[in-house]
């Protein structure tokens, strides 16, 4: 089998919520070094609100991502509200109505997410933002699938690329967001958004792989 | 000889100013334990202003105490402005016009000072105020002179009584001023006003004795 | 000492200098550099309102100079009563021929200096009367109410006295209204950190992290107890209860609530605290006629808040609602 | 963490609750619990003024709601831009049929959320225009002025925009005046201590005792240099010079001076600092038309001050002098 059901995919949403909650302090600490120290707080608050809404209003993966997106855009704000709001909106929209989440759907989801993000954020590769985890991850996913690797391997490559992209932000100088004003002093530490993005992509990959096997 | 000239007595004023300046921090620290920590600051500011005025407008002891009194009342305020203002006003008034400061004059000065203070302050012995240095000091002076001790011995007794009165304030509970609100917790430390008062009386005694000898 | 100052011994001088320049639309200096007055004082035919006290409480005292508020202020050293001569000059600066009400707080130094100032005025033919604020509940038991300190309730006393004077009242009427205001006012403070006198350079007392001092005074005078820092709801409950019980305030009373930060407490916390106070008052059936939240009466850089409640009757209500234009308190007619 | 709060995650909710209760004479809640409005908004036939931003800056932003000032505010989490939906609801709450001016500060989050809100409004038929404040000189070089942050200069932008709207101007006229105001405004801050996000519980950065950080941002964004703490005169000299040179301000200019404490800096220090600034401006031959000194735009419990200068022409002068009645800024007609 090379996919999983949209219904079972709700586990992905649950696990993403959980990993963000678990990393609340860690993400804030990273943000505190060159930002304002609230990235974990913002993210955790939004994802917890989503968890609460999903308890009374459960559904499949597309539904879960849709709820998450709506809550981020209406309740969270910051930079993360609109950015991750758009991101999860695409994950939801591109999988909506698909009972089976297969290679093609996954590919559509992440390509859609990057397209959506580009509309509202001017962030390019190397600007030290979540894009530095997301863009290499998308490339890896596409390349892997193009090369015929199959979904689980492609997801594994996506995760690996997200993490190495995240790690590369250490050497980058921030060009956008609060840390940008730091100039050269922003070099030497992780980017908070790239870190949360790698966590989300990694959790997606791991959980989807579990569901496929 | 059993006295000193009012002119040479200006040295007493100078030395009192100096001892207060030297104990600025010490007096504030004492006041800080059960008051607001400014006793040394207030005193030193006033006495230094007096020093400056006396430089351009020098004179004998009575003049010096008069200037000190005026400055305390017009520039210093707090509790100390009116209290020491009245105190030094009496020292000035009771010696004014006397070329020779002898037993009788000294007796008049300190009895006058206590009378003046009683007009504006309700402080009694045991209330943990400067009165606890001043009242026993006056008693010692009067008793010693009544007993025929002579001025230098009487001044020595006055100083000793002021210091032991000051030390007894450690065991007292403050009944007046800021520290009064502390109740029993005001017990165990010196009273700031009694400490400055003992310094002033002691310096008066020591300097007068030097002048007499 | 993380402070934006020059010579620590000159902080008051320089503060006054800056203050006069910043607010020249409302206040003027006088011949006594430590006496400030409302620009249009003395107001002819109006009872003059005078106050004063030690510095370090900004915007008190001089921040309340202005139209229908205070006419002249004597500015003391940090936490130290102004000398008699300053009160004397302030009273003269405020006198518009109808007498002067000196409305000040109950501190030993202020009591002596005001008393001496009034004696000095004997030959000046100015009628002077005083009200001594004693709104700070924890500073003495009710049986010794005359020993209590004056704290943020003084602001409401000035507001009432200032409005009454502006309405054309006589000196006795102004004094009676101000006295009624303070008699119906109760306050209490809590401290979460000590404050630092600039000239001393370090705090004069300690409040350990994780602790708070209930009933602390405006100069760090020790309070009634040092206890573990608690949630805002518990702090508010304790303080509100002490204040309510003392007057006592009762169901149906119309009240003014004044929450003041002590200098280093962000507004965020002050509003969270006010929110808890409001819940308690509402539950008890009190009507909040007007609320003030902000840094109205501070203690240098102390962390903490004071709570003040004033029980209103119609006269006090009219005075509280009366238009005024001072630096720190501006109100349009409702 | 010495703070008067309850649940650290709910500080904004509770602060808003307290704020609404304390100021019910001037403001009202709306259906969106994070959108507050001037009680009489929307004012029919008047251009609506909207702003918003992260919390922790009290009295900004909601303290500037009121008559002839801001009509509606979107209240974000601590130091975090309000979501698009809040800006959307704030704009709707402010719309009196003549368009809405959204006057906010240049932060990535606010930029994205306002942009999205305006997109969401496409079908509502409300004309919306924006001005993005960028008065913070040290946050980017002049060659990249569009990257600079908005700080306390926003208050003067709201004052000007609010007055212009109250005078009956069109949306374009309001936008033009607000833009002119911010284009003629320059600010700079200095920090003497870090601030603590209640939910984090400890400061996010350090400023060692004995040091100060020049050019620090309103959320503790690092400044241009960390140097030894200096006397107020030197601090003022450095900051004033940077601000004067940047516009530049010139001899004979009429200016507004706004000194704001950052949250934990006593008024005493703010006035001493202002006094030094005034000396420099006077020496340079600038005319201070109006001064503001106080906690106008804070950063939680940070120690430090910001300095803001606005160069006036006749239009701006009229707007600055115009009567207004908001919570934190009240002015009678001169």
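Lettered A, B, C and D in written order, each chain numbered from 1.
Assume contacts are C-beta pairs under 8 Å (C-beta built on N, C-alpha and C of every residue); 3 or more make two chains touch, one makes a residue touch a chain.
Since the structure is predicted, the reported quantities are computational estimates derived from the model, not experimental observations.
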* Asked: Upon omission of subunit C, how do the remaining chains partition into touching groups?
  -> A, D | B
* To do: Would you kindly say which chain has the C-alpha centre located farthest from the C-alpha centre of subunit C?
  => A
* Structure fact -> In whole angstrom, the CA-centroid distance of subunit A from subunit B equals 77
* Mind checking the centre-to-centre distance between subunit B and subunit C? Centres are C-alpha means, answer in whole Å. => 33
* Asked: So how far apart, in whole Å, are subunit B and subunit D when each is placed at the average of its C-alpha atoms?
  -> 55
* May I ask you to sort the chain touch graph into line, ring, star, complete or other? => line
* To do: Go through the chains and record each pair that touches.
  => A-D, B-C, C-D
* Structure fact -> Listed in rising order, the residues of subunit C that touch subunit D in the complex are 2-7, 11, 14-19, 21-23, 25, 55-56, 58-59, 63, 190, 192-193, 198, 207, 209, 212, 229, 231-233, 235, 263-276, 278, 288, 290-295, 298, 300-301, 303-305, 325, 330-332, 334
* To do: Using the touch definition up top, name the residues of subunit C that touch subunit B in the complex.
  => 9, 54, 76-86, 107-109, 112-113, 115-116, 139-140, 147, 149, 197, 199-200, 204-205, 217, 219-222
* Asked: In their shared complex, at which residues does subunit A touch subunit D?
  -> 28, 32, 34, 36-38, 41-42, 45, 72-83, 85, 120-121, 176-178, 180-182, 185
